[in-house]
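The two complexes that follow have chain A in common; it is paired with chain B in the first and with chain C in the second.
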Partner chain A sequence: MPGAQIETKLWVWQRLSAAVLGVCVFVHLGMIIYAVQGGLNAAEIITRVSGNFLWFVFYAVFILAVAVHAPIGVRTILNEMTPLSPKATHLVMAVLCLVILVMGFRAVIGLYQAGAGL
Partner chain B sequence: MKTGAHRNHPHYWAFVLHRVSGLLLALFLPVHFYVLGLAIEGAATLDGFLDWSSTPLAKLGETALVILLAAHLTGGLRLMALEFLGTRESSKTAVAVATGIAICTGMAFALNGT
Partner chain C sequence: MSNTIKVSVWRGAKDGEYQTFDVPRQPSQTVLDVITYIQRHIDPTLSYRFACRVGVCGSCAMTVNGRPRWTCRTHVDKVATDGTLTVAPLRNLEVVKDLACDMTTFFEKMNRAEGKFHPTKTRDDDFAFIKPDDKKRKQAAAGIECIGCGVCYAACDIVDWNKDYLGPAALNRAWTLVNDERDGGNEIRLAAVAGDAGCHACHSQQGCVEHCPKHLSPTHAITGLKRETAKAAIKGLLGGGD
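Right after this comes the complex of A and B.
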């Protein structure tokens, strides 16, 4: 695929993921401000999200959107501000995407199932 | 044109803030997921970390992160409005509003958590 076509596709994917993230981050910030009242503890976090399918779907969508958005942004910064080759920045993007997906879903699935241990 | 004159403009600083916040948030994400993943090892492990995170220095860091997240959100919304709606005339105001909302969000977090 020619370079310009890749750039266009990545631009579109970053804007689409940004639109999803706009909603997710808004909800997440609201939840953070609500949840910190009186301090945070593990039981409270686990009780809120474990076994709750709606929260699971919300955070799954959140992670998928972040895994698209953040690596493309990092690649753009590296392309514009470092001497790294396009191949190298593409590799960084792919690795970051994988790290976010694996670590994100490990955390979300873990929290979804954690209620059984309480 | 004087070298660096472009820096004396709200849009340049909005661009810098969007870049820096995005990069810092991307670096923070794996740490955030690691901490949440501690719940898998049991509530006590996560509580151990949460106790540490209630120290004043950690609270300051958390507040900074909330401001960065809110700044990236509002800056991104402003950017998309520029790209898709062409709201160029009022964009200086948009920079100010976006920054203000981000700071207010951070303050709401800091005041609620103490």
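Right after this comes the complex of A and C.
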């Protein structure tokens, strides 16, 4: 089948990134729910998280997983639901990946720098 | 039980209309009995397809009250709960006339999925000895009873919107061969079933599992193909110049 290799590899990447996202979302939401039980608000949580290298690594991994997972899924939806050509949906996937990476890392780096006093 | 049942039957091809017949009720009457009665006693021009009448050949599948079914093993009592029947040809296949569909695409897709045996031995070689409890043999046995009726194909929404999609039956057939120790065609088979018209198009909605008259699970087979194609892709065996 044409494109069997690339289609299957994209499927594998999406499943692997989904597994990473599952853990990330659990930790992210779990930490928020845990923290607000003690009365912390969003600003206070950010103050405690920012500047911490481990949280920086955690959210960097989170962003990488989103940047892999979401564009592949959007490409599949566009292939199934729109008349766009496979080349066009591939391009949309690549652009969306870049947008998520830039926006995501801008936020994560900003969060880290704020706490590190940079 | 009323003495007759009102049956609406599709007449025509792609364009057509339902025609209503009153058919005498009988004990243990099947939907195929009803259609056969209409053809033998009311309107001999009615076209439909059947052969064995006992759930072996897979040729009598039709849409009965909105669901694809094997009509020879579908009792009127079970499906005509409001005392009426609506019988149409299978979905997702071109209608030849009335209730008879052109199954060419369905069987071509079995070929496209490399649903044929690739022998690795000759008649001069010894038998292949595969234990009954062998894991791969069990996987193959789970899907081997497919009778090629096309019910799963008609029940599948992915086939409905993606005409290139191989469909549950072809992929189930491929999966039985992937697990056949005697077969040597897996490299081309896995390349044939991978991709957006193959196993990766399946959304696991399980319409095929819900409707399969043999209670097979093509979804399970497709999941297995996704796993095996993933291993093949990582090894770079799926070809295609990608």
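Definition applied: the second predicted complex is superposed on the first by the 101 of 118 C-alpha atoms of A that agree within 3 Å, B and C clash if a C-alpha of one lies under 4 Å from a C-alpha of the other, contacts with A are read in each partner's own complex, and residues count from 1 in each chain.
As a convention for this text, a contact is a pair of C-beta atoms (placed from the backbone, for glycine too) under 8 Å apart; a residue touches a chain by one contact, two chains touch by 3 or more.
All of these numbers come straight from a predicted model, not from anything done at the bench.
Visitor: Between chain B (first) and chain C (second), which does A:3 come into contact with in this model arrangement: first, second, both, or neither?
Guide: second
Visitor: Let me test your reading of the model: by the given contact rule, A:79 touches which partner, first (chain B), second (chain C), both or neither?
Guide: A:79: touches chain C, not chain B.
Visitor: Mind working out whether A:70 is in touch with chain B, chain C, both or neither, as first, second, both or neither?
Guide: first
Visitor: In this superposition, which partner touches a larger number of chain A residues, chain B or chain C?
Guide: B
Visitor: State whether A:97 touches chain B only (first), chain C only (second), both chains, or neither.
Guide: In the superposition, A:97 touches no partner, neither chain B nor chain C.
Visitor: Considering each complex separately, which residues of chain A are in contact with chain B in the first and with chain C in the second?
Guide: 15
Visitor: For chain A, which residues count as touching chain C in their complex?
Guide: Touch list, chain A to chain C: 1-9, 11-12, 15, 76, 79-80.
Visitor: In the complex, go through chain A and note every residue touching chain B.
Guide: Per the touch definition, chain A meets chain B at residues 15, 18-19, 21-22, 25-26, 28-29, 32-34, 36-37, 39-43, 45-46, 66, 70-71, 73-74, 77, 96, 99-100, 103-104, 106-108, 110-111, 113-114, 117-118.
Visitor: Which of the residues in chain B come into contact with chain A in the complex?
Guide: Residue positions touching the partner: 19, 22-23, 25-26, 29-30, 33-34, 36-37, 39-40, 42-47, 50, 53-54, 66, 69-70, 72-73, 76-77, 80, 83, 105, 108-109, 112-113.
Visitor: Over in the complex, which chain C residues touch chain A? Could you list them?
Guide: 161-162, 190-198, 200-201, 226, 229-230, 232-234, 236, 238-240, 242
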